[in-house]
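Below you'll find the structures, each written out as structure tokens.
Look at the two complexes coming up: chain A is in both, with chain B in one and chain C in the other.
Let's turn to the complex of A and B:
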């Protein structure tokens, strides 16, 4: 008798898990970048579900992810987050890719009191709105590019002049500001600084001007598409400074796949590397995360993937600690928000501790370089897998 | 000074690129009065044809140009026969709606088939450049420039010297009269659209050698083609060359000497002025409804 009652009940309970909505770019200008975030959350959910789900008060609840494509458009992102909350009635949210998109989407999440942790949006302005429900596991964009500048203080002969260009959207223009700030701090001479429209079709003329000034190093505020276009144009106009670094793009696997040999020597900013001493009880060490991710997707995780996983883990840990079982009510999410401000934990992505603006504590600045078709950590020296290759040879000698 | 000369060269080469992918747009508008909003998708299809032929068959884009032309020619012929023929002669809004729909369908089917990935491929010769007295001339763009002159010249000769060309021109001037003279107007329209699409496919293949391509790239190309056509005179074929060059040079000089952000603004300002002062295009040879 009891069996017949508990049987269907247990089944019903098992079906009721956490429904988590993600509005992320899968197409459009940051579509290739955004799909990394989708992979990262998928990997987190698969790992958690393989252990039965998120454990709340001794009971396990599986995770069900709902992905919607914001088409790299901020307005669409806002609309989709509203849809996820009101229509799909998700319990929780996780952040998408790109500062513009997350900027718009997080405003809606704030309105409905849904905590939104992003691992792939870092523009300073995201943290200057006085929001209570927005968190980011990445540092600020201007700080994120520090490693890209500092790596050039460690090479011989030390470069003197730097040119900075970047697309005039939120993240990339802030990255350029960061480049300038750290370049000045380290005594480099910034000989050129220019922002250009994101939909500029032909980069040759813009870069001709930079080439004319003959800088030792070129720093580019970019996403993946801008980074690809810059490399193609540099080769076409035969412009090879001694070093070139990008705020984002080269660590997206497609960058190397499509550009092939032309991607060599290119440097990119990062906030994570698998050989740092990070660990948690879900994925193990950073190296374990790296290995398992490779087994699942056939490639190493990029730092935004590690940061996205870190955000998902942080949210999971607070839920487990507070014992919030699905379906979550508004007061549960308010408690979750408060709980997120209190954590100071280690994950395989590194330390997570949000300040009052929702930004994470600073991570060590990392720079990676494409060497023999793979992103290799070249800075800081104590976490480096190899020394940076410098200077970059001219195009005609490759 | 050398920057100005280099920017000028770059602008002229870029103008050739613009001219090549706008020629088909001009031809189609000139003959049928159809503003083809799906034009950029034809560029995209041409680009992907070259991309896949290179990736799967290791065929150099220069050698695969006739294949791109053939593929897009057939595609254009079918598209015209099945769909666009129904709106020729109807109010222009009908052709906008129809070709906008075609634009959406092609772009989204391509998105499903090839994903939103940004693609580029390294043809050994295409990424490099010639250097001459300190000036750099990218090879792929030089080829595209020469091809633009060749294609526009060939189309012009075809229209002015051949029987088919005369049929096309007479249909463009007065289709009812042309029909009375025994011309199969439907076949002429289909042939024109197919030619326009074929040429655009060739342009797309060339573009793929130096620009990053993806399924959603089309609209930007349609906008540029529209600007080029207005500058050169809507429907006037040699105007595509002139419009393309003007646009390329202005953009390049602006980007190099002023700011890349201004180049777009200046382009649209010129477009505005031309529409205001010379609505038939710079040479005054375009059509006006």
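Let's turn to the complex of A and C:
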């Protein structure tokens, strides 16, 4: 499946613009999440093309995106990255969704010396392979969930016991480890810890075990589908701890659409909200980005979308700075890779500065809560739009 | 006969020369096609010839993958050591598992093998948690050293597939092959006329397991990253089954034709019809099974004699 996004000068772009390939899940277990990443890059490309394209040495080159569906499968992702590079002959790549997929794909990108910046894959291990061409605008998965734990240190009455469950795939199990680490640091008592299969059918039994231990707070390592199934099951078995937080899912618009009122009070990890003081010269402030995105897609961008846009902007800025005109050669991409390590820039997604492993350093994690159908920043206090609503009322009283 | 040899030799030469003329994606597609041809051929050896439907074949693919990880990443030995150990370990485990389970018949054997594969996936996922060792990586997955040569993996898969195809050709005309076919027709009668059915089944099961182990080891090294869910994925088994059914069970070329056909057709359909291609592939499978019940190769040949219904 090839989908291309081109500006007004599509024909011209095909010859002289930047051709950028993206292997991302559009179907399969993270298909719904992956389609957000596709929207994000599409939005970036349309915005850049509306100004004529990426400016290199005074001349503007439009952007032409090629999306291929990795079916949420790592092996397919590796195959598609190779296809994009050798068959579609793209100038550049951008990263897809999900750590497993990006894991397999990044090895191929590394082999062909293509920088791969991802805004939706943050598992710690991705940064431990000594790769030079892999970058992530998100923080490490274990750090990303810090806000979700710390938000519970500021509520009254302070919870004492925490249960942690999560799907046993890479990202979500790391999120669970992060939950456990910060829960212990803040003196919470972890009364239950369980990883379950990603394709688990019966969430009710799994959560009944948790309910029996009566934790004050439930923390869940999740993707969108897992998060939705957990909330549905909690309602079915009438399990309402005082607080519940997810590593990923509730910020995806579909979560609120599907669950409606049941999504209220749910907390989620995030790395971006529109009220944060971030900005760049392409999208304006974080609030501007939010507004324009809403005009285009009829919904707020998720933090993964903002992070994906941030990565695309970072790559664009280095290309402009180094004056790399398409078609890019291998030495151009090597220069781009080196240039990416040197940047320390502000974007509408926030600060981007990669350490020597390719991880974005010091990206403060925030926690959001679904309040009146919208994700609202509730932590840290100095960035919060509203205080967290706590405790969550029992299901029967809603 | 001579024409056959000429065609055979020309195809071999073309396959060997392929990486000299193509690179990147084309070689990757060719490599994957050859891998699936091999996997379906492995499945065919026991399930196709003896009609012992194995729904857990992926378990040896997974075992091979993790043996390779232990040998290459933990013990820092070469890929060749890993490949040999993957074959030996998978074969031995298959014997240990096969000798009791191959006494089961029909659906019971299928259920037992399926359960074994699912159980081992859980073991791989939970091993580190349960033992407190940091050995397999659990749900965090396992990473391999990186080999960037496309041609390397192409030739390894080509050699493996040539190997299992040669074994299948030899089987077809040997006493071993006749024993398997006799089991498919009527196991009790075969036993009655002196065929050592237990031995033939165990042999076929272990040979195919050894190769599956080597395929797993090679694919994992190629992808550089595995998780229990990816290498013990039941869809791998299902794909082998469908490919063999499409091409023709119990024939030499059936699984190869079925695998190449299904892999390339779904690749082409996928490229054009992202959201509906699965339904289209499903229709094709249903069509082939309805109109060519002996599979593509079986039907072209006028059919392999129908097995006993109970088998």
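Just so we're on the same page, the second predicted complex is superposed on the first by the 383 of 398 C-alpha atoms of A that agree within 3 Å, B and C clash if a C-alpha of one lies under 4 Å from a C-alpha of the other, contacts with A are read in each partner's own complex, and residues count from 1 in each chain.
Definition applied: a contact is a pair of C-beta atoms (placed from the backbone, for glycine too) under 8 Å apart; a residue touches a chain by one contact, two chains touch by 3 or more.
Here the structure is a predicted model, which is why all the values come from computation and not from measurement.
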### Query
For the three-chain model obtained by superposing on chain A, do chain B and chain C clash or fit?
clash
### Query
Where does A:148 make contact in the superposed view: on chain B (first), on chain C (second), on both, or on neither?
neither
### Query
Where does A:209 make contact in the superposed view: on chain B (first), on chain C (second), on both, or on neither?
first
### Task
Check whether A:170 is in contact with chain B, with chain C, with both or with neither, and answer first, second, both or neither.
second
### Message
So in the superposed three-chain picture, is A:85 touching just chain B, just chain C, both, or none of them (first/second/both/neither)?
### Response
second
### Query
After lining up the shared chain so the two structures overlap, which partner does A:259 touch, if you call chain B first and chain C second: first, second, both or neither?
first
### Task
Answer with first, second, both or neither: which of chain B and chain C does A:217 touch in the superposed model?
neither
### Task
Please work out whether A:236 is in contact with chain B alone, chain C alone, both, or neither, and reply first, second, both or neither.
first
### Query
Touching A:103, do we find chain B (first), chain C (second), both, or neither?
second
### Query
After superposition on the shared chain, which partner residues are touched by A:225: those of chain B (first), chain C (second), both, or neither?
first
### Task
Name the residues of chain A shared by its contacts with chain B and its contacts with chain C.
26-27, 168, 195, 197
### Summary
Within the complex, chain A is touched by chain B residues 2-3, 6-7, 10-11, 14, 111, 116-122, 127-129, 131, 136, 138, 140-141, 210-212, 216, 220, 224, 251-253, 255-257, 259-261, 263-264
#### Entry: Residues of chain C touching chain A in the complex
23-26, 28-29, 32, 125, 129, 138-141, 143, 146, 148, 219, 223-225, 227, 229-230, 270-275
### Summary
Listed in rising order, chain A residues that touch chain C in their complex are 1-2, 26-27, 69, 73-75, 78-79, 82-83, 85-87, 100, 103-104, 107, 110-111, 123, 125, 129, 168-170, 173-174, 195, 197-198
### Query
Residues of chain A touching chain B in their complex?
26-28, 31-32, 168, 194-197, 199-202, 204-206, 208-209, 212, 224-225, 228-229, 232, 235-238, 254, 258-262, 395-396
